[in-house]
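First chain A sits with chain B, and in the next complex the same chain sits with chain C.
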Partner chain A sequence: MRLLTHNFLASNVKGVSTGYPLALEVAKTSIKEVELNVDFLRGILPKIDWRALFAATSAAGFPELLAAEQPPEAELFAEGAAAVEGSAIRRLHHALLEIHVEEGTLVCPDSGRSFPILKGVPNMLLHEDEVRH
Partner chain B sequence: MSAGDGAAVSAVEGKLAELSASCDLRTLPKRGKSASARTLNTAQIQLVAGHPEVYEPCDDSFALVDALLSDKAQLLTLQPSLCMEVGCGSGYVITSLAIMLRQLGSGTQYLATDINQHAVETTQATLEAHGVHADVIATDIVSGLEKRLAGMVDVVVVNPPYVPTPEEEIGMKGIASSWAGGLNGRQVIDRILPAVRELLSEKGCLYMIALEDNDPLGICHLMNEKGFASRVLLKRCTDEESLYVLKFWQDAAAGANASQSGRSPRAESWLSQLPFKSFWHKNAGSS
Partner chain C sequence: MPRPEVQAPPEIFYNESEARKYTTSSRIIEIQARISERALELLALPDDGVPKMLLDIGCGSGLSGETLTEHGHHWIGCDISQSMLDVALERETEGDLLLADMGEGLGLRPGVMDGAISISAVQWLCNADKSSHEPRLRLKAFFGSLYRCLARGARAVLQFYADNVKQTEMLVSFAMKAGFAGGVVIDWPHSSKAKKSYLVLTCGTSSVASLPKGKGENGEMCSSDDDGDDDESNDDQTVGTYGRNRSNKRQKVNKKNGRGKDWLLRKKEQMRKRGRDVPADTKYTGRKRKTRF
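Coming up: the complex of A and B.
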């Protein structure tokens, strides 16, 4: 699971109102490079919860990767920024799409229920008595 | 993209179509020498990590991929940012989709869910073996994603458990959950549809398999009431079943028509506009 998906995932346990963001505990990550696509990042950014992403990058072992606050769009999407090593957009791309959490745990901030991540797959399956009806 | 890539992509498509047309897993080329020589180094969808409790690609899986291939031009024009499969099983469909749309590069990201833990692992392995990526989640339908992903998914593909069974068979662990559809085979489908409607973006579309017994026309009606237009992309009769691949997309006119309600002349005129009918007749008894 990449941090892009973590940013969209919430706890689904019965009785929990927000269940977001899920705290991330990471035992193992891997990095897989993919080509940077400015249009994708521009489209997805308004939907990204930056604080959750920042916390997730830190939890995954990259505390310096992102700024704690979202940089202005003018900086992120400045002409040519994607070609510049270490630019804000390259960092954002790396955070969202290149860091894979292979082993770890997601923890519901409200209930403390934990969801294991095994072989890169988070398990959000609930027991019968945890399901909302 | 280079011309070489283009050739590779269409070779993959040829392969996909061929596999799909063959409709028989046993004819799938294994990882033997002859197969790799024939297809050079292009990917082919094969089971890399089968598991007795994971649904093997079958006529329905092939029909869905064929329908996606037939709609490839529209999919490319749509330029989906997020594509998702609900009930990914072996990963055959999501892997095929990712290969089919490879030219969109990292502008298109993929998600896949399944309620069966063996299935999500198999999907992961299938994706990896073909050099594509989707984030795979073990969950019930889209549980956990419904809030934050609402209105964001551009393409959803579903080959649901659609076989009419006694209600008790729903929610059983293991392989039964891959086909058990309860009353009229609609019980899981009828939970998937509202969940998917929430996730679809304005330009988003859903591709879903349904069986004659599921009342595909009724499903189209129901979706129409919620503001979705529909089309039958493909109908295929096998020895055991008549399969449909339905496509749904948001359409203001569909909702407006539906609000005229029920069996009014308006609804009838909507029905006759639907390619469904002509398609139905044209293909009745064929293939």
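Coming up: the complex of A and C.
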């Protein structure tokens, strides 16, 4: 599971109002390189919850990767920044798409319910009494 | 063989052997690829070359996701069958996978997805596989959460196999109740095998008139080598028409040609040659009898 997906996931347990962000406990990660696409990042940035992403990168063992506050867009999408090693956009790309959580747990912030991640696949199945309908 | 929906719940039906069968059969792979290609076409994403974030509901072993990857999009897939997801992991699909039940509602933040596709999955929602399952509530939860997680103006294309008209109506009515606009597009409606139904839904307001047309609605037939990308040329091809009308026409024509005076004389000549006792040819030969006779 990439951290981008983690950023979109919310807990769906009955009685939980927001269920976001899910706390991440990481046992094992892997890195898979993906080609950087500036347009994709520009489109996806408004949908990213930066605090949740920062917390996730820290939990995954990369506390220095991102700034605690979202850098201004002018800095992120500066001309030629994508080609510079270690630039803000490079680091954002690495955090969103290249870090994979292989083993770990997702914990709902409201109910404390935990969802195990096995082989990179989070198990979001609910028990019968947790389904909200 | 009855459809899988009537045999067992999805997480049990798609066990290890069934999942493997599903992904090693070249026929299934081809059909899945073709349906996904068409679903992506119906999704009508802006043609600007920017990768989108898509959701694949009931992604299974990631066959449909592969089509999305080929088009350069990122995707998140969810499925209820662990065995199918295991095969997807083995195939090293590009998208992220979730083990989740769509009938419990999709656990995603609002407005994050640029589109959603689903290949042969939503009909499962019409079944009650456990005592706690209530299809109406599950449909409501599914369409409600799908509507929430899509961005405004985004589309969802859900290909499904309905048992009967009632099931289609049920799916459509729950989609409308959730706030979607859209309807059902049917490709190849006259063919029992190639017929495919797509629920094309738009998040937010959109006129129903903009619903795309299904393929093969004019009675043209689906040829097996028909790909998604040669639709335009399809209309120019000589297409087969249905047998009943054509053979009737031919029969009529034959009757007219065969039963004249010439035909009768020819037949009589033939019989004479065989040594039969044939009446002589006169001016009355081959004439119609008077009615009073």
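By definition in this document, the second predicted complex is superposed on the first by the 133 of 133 C-alpha atoms of A that agree within 3 Å, B and C clash if a C-alpha of one lies under 4 Å from a C-alpha of the other, contacts with A are read in each partner's own complex, and residues count from 1 in each chain.
Note that in this section contacts are C-beta pairs under 8 Å (C-beta built on N, C-alpha and C of every residue); 3 or more make two chains touch, one makes a residue touch a chain.
Small disclaimer: the values here were computed from a predicted structure and weren't measured.
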Side-by-side fit of chain B and chain C on chain A, or clash: clash
Touched partner set for A:133, first chain B, second chain C, both or neither: second
Touching partner for A:85 - first (chain B), second (chain C), both, neither: neither
A:64 touches, of chain B and chain C: first, second, both or neither? neither
Contacts of A:39 with chain B and chain C, given as first, second, both or neither: both
Partner chain in contact with A:121 - chain B first, chain C second, else both or neither: both
Overlap of chain C and chain B interfaces on chain A (superposed complexes): 1-2, 4-5, 7-12, 20, 37, 39-40, 43-44, 47, 49, 97, 119-126, 131
Touch list for chain B against partner chain A, complex: 81, 105-109, 111, 115, 117, 120-121, 124, 133, 135-140, 143-145, 147-149, 152
Contacting residues of chain A [partner chain C, same complex]: 1-2, 4-5, 7-12, 19-20, 37, 39-40, 43-44, 47, 49, 97, 119-126, 128, 131-133
Chain A to chain B touching residues, read off their complex: 1-2, 4-5, 7-12, 20, 32, 34-37, 39-40, 43-44, 47, 49, 97, 119-126, 131
In the complex, chain C residues that touch chain A: 48-53, 74, 76, 78, 80, 85-86, 89, 96-101, 104-109, 111-114, 130, 132, 134, 137-138, 140-141, 145, 149, 151
